[in-house]
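Next up is a structure, given as structure tokens.
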């Protein structure tokens, strides 16, 4: 299945709807082990992405991803802004000047996005971050699995952050007190992949 | 009856005991229409007076009153410090170099004290101040009445401040809201005269 | 009561010692009687400025002692006027031989104690003058009250007169200038929360979560009236209007605008109020040429704000712009 | 929630406008992207200093923009890191052609956003350096955390490096000096009350009437542990001991001692704590030669205090004493 920029824009529109709806839930997750703004940060960022999408159609997937990345970087702030921004900027680079992305090309973009997040944030698996949702998802794609399966793996990965302590981000200040809480960034990453599966 | 400085010192010692006991009650009166420190101010001041009395015996009533006045001025602060301080300084001037004070001489001292308070504070009768207790008391002495009767008149004068608005001091900011509260300074003046009656 | 203190009865003394440590280059702290004097006092040939009042209003007055502002400040117990012996000793310590000005906030206690101190100082041959500051439009100024309270104009008078005294103005000019500043300044304040006096241990009044107290003084006393909380822009209007009407300020006046925090209000909020206040001034045709934003005259931990407007003339502007080097206010050489 | 604001979403913008009104002589406020730059920026031939972070810590950082301190500050939403476009535009606006230093507090968001901004600025040919401040001993500095938070040392680094940059120090010296200040400074803080973020509308945590939160950061996050309220002298000890042990400071060291209020604490209490802190320093054989007492790095309306100690060398002392002319910090010519 080959997706052009318009098809992929649907992903971002879904994500905007999702974060608008789940804003309070994500804030609450972040309040427990961070500073309570993760939902607000993402809702603000993706709303701006959609505003920009409405202003002009993007010619290629790379242009679309770059627009998303730059917009998130410029509006989200906090830790997740540069991380999600980098995710989309690296995805844009991987997309090259292709007019459409088939499953393999899209997987390559997501893989590049993850690599960008890891390079920027230096989180290891098990550090209780968004990386814990993204890694298993990309692993599913690497093994030839569907986007739907990848989204499921991301959700499981997010759930698995619950019993562990954090080693990155604000939650790391809490030590043992972070145990028992799901990481908000891992949760938002799982949501992002669920929106992609739905849009595809 | 002629009182020497030692006999009059008993007055100030009684007053100290009185204000130590009634500190909270006077604070409460002041809290209602002022800033709640009148009891604390007087307790601090008279405690210091007694400390000084313990350090050295005073030769004349004038010396005793001067010591009391200077000490109150230097420790009480607020509105009542200079007023009670002036009361005793003027009483000291009226006492001259007499070794003892008979009833008439003591009355003259108290009259001079009141005049000092009025000159300093410019309060008129009915302004809801200590003057409203002192004026009727001195009037009783002027008419040849006893100190006990004068103290009673002071108490009645203090009570009579209850239904009126204040025109001097902090309570004047409250306007009508001061109605229904007895003036703390009038109350302490009545206590001071009660102590004098008891000591004589 | 949540306070960074050891015991209520030691707060003033310990804070004075802390100030002495922190600002040894600018001030000298005298104990018993308590006063703060500028490090180089007395300055021969300069008119000396002395102020004072209850503690709990920091940085006022001790934080304003130094070159270009006060020569001495006398701190009383919290919210209680200091005593004449403090004022007398402070006056003697800073007298430069050409006159001393007592700047007194209009509260009966402050006025009476400063009066006695002035009498005593005059007996010792010092040329003492006093100006009573009474700029608070929340209090009706009539025969039937102790008169308006002294609030924000005090800070302005101390700075402006201090600047001119430092520049060599003779005592009569400094006294007249102080009266002029007081005459041309008006203030009004409001509290979002009461304050807690250490000795009392509990808030000075109760205020519901959606209420504010309008027309407060600086001693935790209740204000003119209690009302529902309003947005900052509306609050600025409610404070500015009585101020501007009272003098009255007129189109074309050049003013100093002072937004003051009561102690528990963060600076970010004071800037939000300042924005509104300057916009209102502009709408009334006033030109704001001098400004001050910060917590300079406080009521312990009270959350709230007061606004002061002063109609400037050239001398006042000169006094305001003159260098000042004190713990709390500093500019110029 | 009792605040002098109009709406939570407008607080930052309106406070910026208020600052622009109040300090037009010192700073220039740019909107969209938001940053505050010194009025005379760019200063050709001078190393430029840029900092920034979430709002709600006023006067940090915007109040430190001006001659002798920061060239620009980037305010984020309340307690949220600003974005790289703000930092990039600020960097371009103040670049004097001889290098720009980003002073970054160690929070993941601040670090990542400043990193991206630095990359972008370098692509535009600007020589950008960054120093991350991490002086908070309340956080264990290990592989298993995001590392110590940047707190009080930020103010000191901005002042000291700003002083030397103004005096003409080349970029490598300024960068090394900033690292040295960070390396020689340690801080610890404590809250008596939580703060209320305007957006959240309710306190960031709960604290009983007799409790305090020990080891807090500056974002309303809970601290290391919760404990019974103690007297100020004991609190000073509890903050000073881990600070002094950590560096460690040694007998004979010459230090700068900084007692900082968290926003809702009155100055009189800060002086009480300062007195205790300097006494403790003396007991440890430390010579205090520079001092700062006030609310300079706040957490909105939080009541509380932090202490920072910095072991001084000659360059640092020179940078500290150098003139500074900003809205919040001012001394010297």
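To keep things simple, chains are lettered A, B, C and D as they appear, and every chain counts its residues starting from 1.
As a working rule, a contact is a pair of C-beta atoms (placed from the backbone, for glycine too) under 8 Å apart; a residue touches a chain by one contact, two chains touch by 3 or more.
Chain by chain, the UniProt names read as follows: A, B = Dihydroxyacetone kinase subunit L; C, D = Dihydroxyacetone kinase subunit DhaK.
For clarity, every value in this text was computed on a predicted model and none was experimentally measured.
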Common contacts of chain B and chain D, by label, are C
What are the chains that chain A and chain C both touch? D
Nearest whole angstrom, what separates the Cα centre of chain A from the Cα centre of chain B? 78
Distance between the CA centroids of chain C and chain D (whole Å) is 29
Take the average of all CA coordinates in chain A, do the same for chain D, and state the distance between these two points in whole angstrom. 32
At which residue positions does chain C touch at least two other chains? none
Which of the chains are touching one another, listed as pairs? A-D, B-C, C-D
In the complex, chain A touches chain D at residues 34-37, 40-41, 73-83, 85-86, 120-121, 165, 167-170, 172-175
In their complex, what parts of chain C are in touch with chain D? 2-7, 11-12, 14-19, 21-23, 55-56, 58-59, 63, 192-193, 209, 212, 229, 231-233, 235, 263-275, 278, 288, 291, 293, 295, 298, 300-301, 303, 305, 325, 330-331, 333
Contact set on chain D toward chain A in their complex: 33, 76-77, 79-85, 107-109, 112-113, 115-116, 139-140, 143-146, 149, 197, 199-200, 204, 217, 219-222
